[in-house]
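The next part holds the structures, each set out as structure tokens.
Below are two complexes that have chain A in common, paired first with chain B and then with chain C.
Presenting the complex of A and B:
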């Protein structure tokens, strides 16, 4: 899994590519926590290149969303497609996050 | 309005039971996954009250036979009878797959015991008149914690054994029952000073329960992750069209000569729906683990209805044939029951 951050005006965009599994899900959580500790309130996870997400990955997304929620922020998902989208839908966890088709739409929604 | 003796009795009963109820609801609060609804906990307390009334009648009948002295009965007969009666509800919960883990077994057991103690203390405290408000409150509290603790231990040991041995045999209940009767009998022995016995119970029980909670939550977390990944993998194969070339798909093909084509079709639908419901049950648990609320799902009642219908179509043989794919352990069945119970609870109907 690779995480590429870009700082924007109102948020930080994290481009996540590859497989998010039990081995590396904590890396996503750590990357997010680093930005949260610097005062970032909105994180946009760009998941166009995400190929797989396991239960540990889901836990990481939820954990970050909970932390941001407590500071009136949000974890926004965009570009979610294919198998990872199916996983979010099957578990009904998709309802926890604001979801957009693209990063541009997510940024415009802030 | 009330005589001083009734006011004093109410104060003693309140003092002895309030901490028990606080402890019970603290257990409910620290249950990360919110396995039990508050409504079910209260219902379980009410069951405990009913069990106590039944035991009161039976204990009185035993004394009246004159065959055994009240002292001997209190040390040997009563612990056996009372633990048996309280344990029956836990047995029912387990047999109906309403309990999945040590945490919900512990809360259910403790709630039955708390309800039992509520009635027992009301009948027991008047006999302590003259010992002082604080002494009778501590004794009442110790008795209440003992009743809650022994039934919780019965539930925990039974869940753990049936999970470890993957068995639904009645024998799985014996060690927990023996432990509960032993602790209860020991508590009732005359060599204890009642207040000392109460203090021992009050110190030991919270430590024991905390350890159990910690261990059970780790087990639940592990089970949740492993099983969810399995469900997801199988579902993805089914929806991506690569199922027939998978191990699971080949296994289903091997059943072609055993089941009629329409039954096999229903078995495939049953498999998919079970996996979908199973994945979403785990999604709900994940949400609660992280502190999110779970909104009601309008599609769930029809999906559960469809599942029951498919179950009736494929029969017991079909379910057994699918067991290697969907799993039929107590926990596998529990999660669907849990989903149905939550749905019934949000719809305001009983389950």
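Presenting the complex of A and C:
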């Protein structure tokens, strides 16, 4: 898994590519926590290049979203497709997160 | 002769990649699509993580993955351990509320296994837990 951050006006965009599994999901959580500790309120996870996510990844997404919610912020997802989208739909997490087709749409929605 | 190919490794996260690579050889022989292989990875990861976390005292036991090609396009999978008795089919479904505040962060792994793998059987014999299923599930192939 690779995480590439871009600082925007109102948010930080994290482009996540590869596979998020039990071995590395904590890296995503740590990357998000760094930005949150610097005062970032909105994180946009761009998941176009995410090929795989297991329950440990879902746990990280939920944990980050809960932290952001407690400071009136949000974790926004975009570009979900393939197995990750199937997993978010099966677990009905698709209705828990703000989900957009593209990063542009997510940014416009802030 | 045992028609299953078998790999036994320590029940830990460090074994996950080798176990998935082993299963990929079976997935290739059965002719699973890349999408099905990804789904199989998910089911296997959740089951192996479950054994690694809950079956034994940390670092104290093995997990065995076995597969057999069950006709074109299908694998029989068995995952077993000698840890404490645990039937993953009996774990309760997590709450699936649409409210972030009401969603627990965990509990989704075995839920995903049951949804993704289709019919699963569990047996406990000779102090051994064995979970087995056919992948993809016959149900998922129905129109």
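Operating definition for what follows: the second predicted complex is superposed on the first by the 110 of 110 C-alpha atoms of A that agree within 3 Å, B and C clash if a C-alpha of one lies under 4 Å from a C-alpha of the other, contacts with A are read in each partner's own complex, and residues count from 1 in each chain.
As a working rule, contacts are C-beta pairs under 8 Å (C-beta built on N, C-alpha and C of every residue); 3 or more make two chains touch, one makes a residue touch a chain.
This one's a predicted model, so the numbers in the text were calculated from it and none came from an experiment.
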item	value
Which superposed partner A:6 touches (first chain B, second chain C, both, neither)	neither
Partner chain in contact with A:55 - chain B first, chain C second, else both or neither	both
Partner chain(s) touched by A:90 [first = chain B, second = chain C, both, neither]	both
First (chain B), second (chain C), both or neither touched by A:71	neither
Residue contacts with chain A in the superposition, chain B compared against chain C	C
Which of chain B and chain C A:102 touches, first, second, both or neither	neither
Partner chain(s) touched by A:23 [first = chain B, second = chain C, both, neither]	second
First, second, both or neither for A:34, with chain B first and chain C second	neither
Chain C-contacting residues of chain A that also contact chain B	22, 54-56, 58-59, 62-63, 65-66, 83, 86-87, 90-93, 95-96
Residue ranges of chain A touching chain B (in the complex, touch as defined)	22, 54-56, 58-59, 62-63, 65-66, 83, 86-87, 90-93, 95-96
Sites on chain C touched by chain A in the complex	13, 16-17, 35, 38-39, 41-42, 45-46, 49, 96-101, 103, 105-106, 108-109, 111-112, 115-116
Chain A-facing residues of chain B, complex	224-226, 228-229, 231-232, 235-236, 239-240, 276, 279-280, 282-284, 286-287, 289-292, 295, 297
Residue ranges of chain A in contact with chain C within the complex	21-23, 51-52, 54-56, 58-59, 62-63, 65-66, 69, 82-83, 86-87, 90-93, 95-97
